[in-house]
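Both complexes shown next keep chain A, but they swap its partner, so chain B is in the first and chain C is in the second.
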Partner chain A sequence: MDFFIQLFTDPLGFYSAHQLLISQVGINALLTLSMYITLNCGMLTLANVGFMAVGAYISVLLGLNTSVPFPAAMLIGGLAATLLAVPIGLPVLRLSGIFLAIATIGFGQVVVGVILNVPATGEGQGLINIEASPATAINYIFGGLVVVAFVLWRLRGTRLGQAWAAIREDEVAAEAHGINVARYRLIAFVLGAFVAGCAGGLDAHLNFIIAPSEYQFTRVVGVLVFAVAGGFTNVVGPIIGATVLTSLPEILRFARDYRDLINGVVLILVILFLPRGIAGGRRPGGRGRLMALWRWPRSGPATS
Partner chain B sequence: MALASQRAGDIMSGESTVPREPLLRLTGISRHFGGVRAVDGVDLSVPDGSLYGLIGPNGAGKTTLLDVVSGFQPATAGETRYRGEVVNRWPAHRLAAAGVARTFQTVRLFRGMTVLENVLVGMHSRRRNDTLGQVLVLPALRKAQQARVTEARRLLDRVGLVNVDDRLAGELGYAEQRRLEIARALALQPRLLLLDEPAAGSGPPAAAALRELLMALNREGLTMILVEHHLKLVMDTCSDVAVLDFGRLIADGAPQDVVDKPEVVEAYLGKEGAAGAAS
Partner chain C sequence: MTGRLLTQLAAQAPSFYLQQGLNGIFSGSVYALFAVGYTLVFGVLDILNLAHSAVFMAGAVLALIFFANFGLPFWLAVVLAIAICGAIGYGLDLVAFRPLRRRGAPHISSLITSIAVALIFVSLAENNFGANSQRYPASVAPDASFHVGGVVIDQLSILILLVTLGLMAVLAVVIRRTRPGRAIRAVAENPRAAALMGINVDRTIALTLVISSALGGLAGILYGLSAHDISPYIGRDQVELKGLAVIVVGGMGSITGAVVAGYLLGLIEVVALVTLGSNVRTGVAFAVLFLALVLFPSGLFGRRRERRT
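Moving on, here comes the complex of A and B:
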């Protein structure tokens, strides 16, 4: 409760007390938006954290070894992730559904494997980022978040945004109406990689150390959970999902030992009662009903 | 190929009694799945402006043929010419942008989008790329969007879907969904429209309205291929009819001539039935 009382009565004190948490919320929101871009186009790709690692390492290495200033180093890291996404995406996006998810998980593992074996990355030890500056990082993070969220929000009604939505709803019908499905899927994948790569650079600016252990599979699952919980049918959902689930452990500090459990329960409740996420809006057909899950399976053809 | 097109050009410029190059010409089109010959050596000419009925018993290969024509399945053999161009290798989206629109046997709408949005997506290939401008909130683009919405409403009106613009497509009834598919296909401003059982699930009044719509579109010069089980609808509307059976073309021509052919009766009723009908 203290958390909310302070938030409303003493916002400035709240800001300075929770600056790191607020920054992490921003990073997670950016990562979730990068996943939203591909989910919104009907693709479950889990390469985001791999691209994040690419962006993080490149921006840190640039900062340590050259005189490139931080924002430029971050953008170069994002662009490197973007360029890498093209040759990865061309073959991988021929897959769909669970196969696409698995192939992109594989990419994330390869990135971690490369980091662990290339001396320049500090291998398993990671890199100490003396250039990091948490106090200024928060400004870049939220500046970036505002830009990304605004652009994605504006994209909705555009030719590109509408093509993505059509592909998500029905790929075959989209193709039949003149939409080059392969091309638009690649655009989504590449754009998502750019946002994830920039988020990686920002994250590295927030922490004084970057290490391969931060870019493991569990982190992608975390981002996916933010997206599913918040809803990925509009731009607000991923931000809400990342905000709620990132700050939940802080809010529930008294129950810290059970926080994974509580996270899980929250997720199950969201999926049951708000199948399109907290901010997902309406959908065709009925709502997920809790009791229906426990209905005894009947023999014979299902009638409804 | 150059020679062939030159010859076609000669014909065009020659006497008007010689038939023009048809809008769509299939030569020896086959589509095999392993040993199954879903479509087997079909030759078909669909003249510009015709309403071409494609009938045949279940499993005759009608939908597979539409899939081949619209680029969703590659032909195992044969050649498709559309507006005189060989289009065999064209991906479906390119054919669609060139004016080949279609509907689906099992309705394929963008279910989570509104009725209006479904039609707007149909305009994709003739909408200029406004993405950057829209992101930057250029006011000039608002007018273009307004024009598209007006046009979409007119198309919805045309297929008889009124006051449902903001409903989700997935919430519509089955017959309404089929009509929405037609409106969405028309949003492409097609030259050739492939309709796969548009009357399925329609009651008699809806089927009558559909017949009116097809005939009106045809009068405006839209060429259509109509796959339909409703024989009456085909007989009433189509200018030409082709009959498929086991992937082979067994008859084509004017509707009345085709239905009287013994092969057609046999395909529909079986051998004994045909004997009974003949006597």
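Moving on, here comes the complex of A and C:
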């Protein structure tokens, strides 16, 4: 309760007491948005944390070994993730549904494997990032979050956004209407990689140590959970999902030992009682293709 | 570097390779047993049950608790742990899958609820068992070993191999020949048609989850016996993703495929360990997975399925 009382009675004190938590909320929101981009185009890809790791290591290595200033190093890290996403995406995006998800999980694990075997990355030990600066990172994080959320929101009405929506609703129909499905899916994948790569750079600027253990499968699962719990029918859902679920452990501090248990119960309750996520909205659409792909084959007339 | 490694390898006696091969087969047994349950549920429900790795962990942990804290004989502890894992499978369907199925919810929702169940079990284990790695006392497992032509084979590994192969044979007969087995195959093929033929779909799915979870729990116990490592994290760290690789390479939903790919993964890991060192062990599994998905999207034994709607 103290958490909320302080939030409303003493916002400035709250901000300084919880600065790290607020920054982590921002990072998680960015990661969830990067997953939203691909979900919004009807694909479940789980490579985000792999791209995040690429962005983080490249920006930290640049910061430690060259005189490139931070924001530039972060953007270069993001661009490196983007460039890597093209050769990964070309073969992998031919898959769909759960197969696409599994192939992209594989990518994340290979990235961790590479980090563990390349001496420049500090291998299992990780790297100490003396350039990190949590106090300035928070500004970049929320600046970035605002830009990404705004761009994604505005994209909905553009040709690109419409193409994504069409592919999500029905891939075959979209193809028949002259939309180059492969190209638009690749654009979504690559854009998601850019956002995830930048989030990695920002995360590394927040923490003084980066290590391969931070980029494991559990973290991708966490991001997916944020997206589904918040709802991915609009840009606000992923942000709300990330905010609520990242702050939950802090709110429930008194039950710290049972944190994951409570997270699990909350998740089940959200899925069972808020099927479109916390911020799902009333729009009956948004199930479309992704949902059709994942729908239980025996769905009754009430749902189809 | 590579050249020196190759000369080193060439200098090894043939028994060295035989030994490594056997080690691969023994660790492959656990992967196979775990993956069979994983793939069975995928075949029937078309969803990934990410709680399967938590059930694997629960089997190992429960057997140790029953044995060490309740003082039961080890065989009874094992039987009880497997029974409870089966019950967990039933509960999993009741809480995480059935309500969503009723509603025709997207499959991604079941994926998330299964993750949630896994979180709950890992957290329960952390709080009641402790986060540290423990082991079964040495007295519970046969520890004799034979030396055959320079190769060391311990009884435990033989036991694990026999149990795995025996159970696979029983499972194959049950699935092919018995009434519940036929019901499982019918539901896997088409739930709606199965329902029209008078099959109780909900009960069949629950049965599938019970079988799958009991196998998963047993796999956990065997892993605990052979790796001497029991902690709340063994499911997540040791088999969750490798199991995924195994069922994809074997062909989603194919039991034979899961068994073959499980042993294959055990062997591939040993080859990677011997030639490239221990760091690449997990990476190799995923490199294989990645290639398998891109080159043979239906797996080694999968039926070709139309993936477009």
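Convention: the second predicted complex is superposed on the first by the 282 of 304 C-alpha atoms of A that agree within 3 Å, B and C clash if a C-alpha of one lies under 4 Å from a C-alpha of the other, contacts with A are read in each partner's own complex, and residues count from 1 in each chain.
The criterion applied here is as follows: contacts are C-beta pairs under 8 Å (C-beta built on N, C-alpha and C of every residue); 3 or more make two chains touch, one makes a residue touch a chain.
Since we're looking at a predicted model, the values are computed, not measured.
By the touch criterion stated above, A:Leu155 is placed in contact with chain B alone, chain C being left untouched. Of the two partner chains placed by superposition, A:Ala17 touches none, neither chain B nor chain C.
Look at A:Val172: by the touch rule set out above, it reaches both chain B and chain C. Once the two complexes are overlaid on the shared chain, A:Val146 sits clear of chain B and of chain C alike. Which of chain B and chain C touches more residues of chain A: that partner is C. When both complexes are overlaid on chain A, the residue A:Ile105 reaches chain C alone and has no touch with chain B. Note: residues 170, 172 of chain A belong to the chain B contact set and to the chain C contact set alike, using the contact criterion stated above.
Chain A makes touch with chain B in their complex at residues 151, 154-155, 157-163, 165-166, 168-170, 172-181, 233, 282-285.
Taken together, the chain A residues at the contact with chain C in this complex read 44, 91-92, 94-99, 102-103, 105-107, 109-110, 112-114, 116-117, 123-124, 170-172, 217-218, 221, 224-225, 228-229, 257-261, 263-265, 267-268, 271-272, 275, 287, 289-300, 302-304. Listed in rising order, the residues of chain C touching chain A in the complex are 46-48, 50, 95-96, 99-101, 103-109, 111-113, 115-120, 122-124, 126-127, 190-192, 195, 201, 236, 240-241, 244-245, 248, 252, 279-280, 282-287, 289-290, 293-294, 297, 307-309. Residue ranges on chain B touching chain A, taken from their complex, read 70, 72, 91-94, 96-97, 101-102, 104, 108-113, 117, 120-122, 124-125, 127-131, 134-137, 145, 168-171, 184-185, 187-188.
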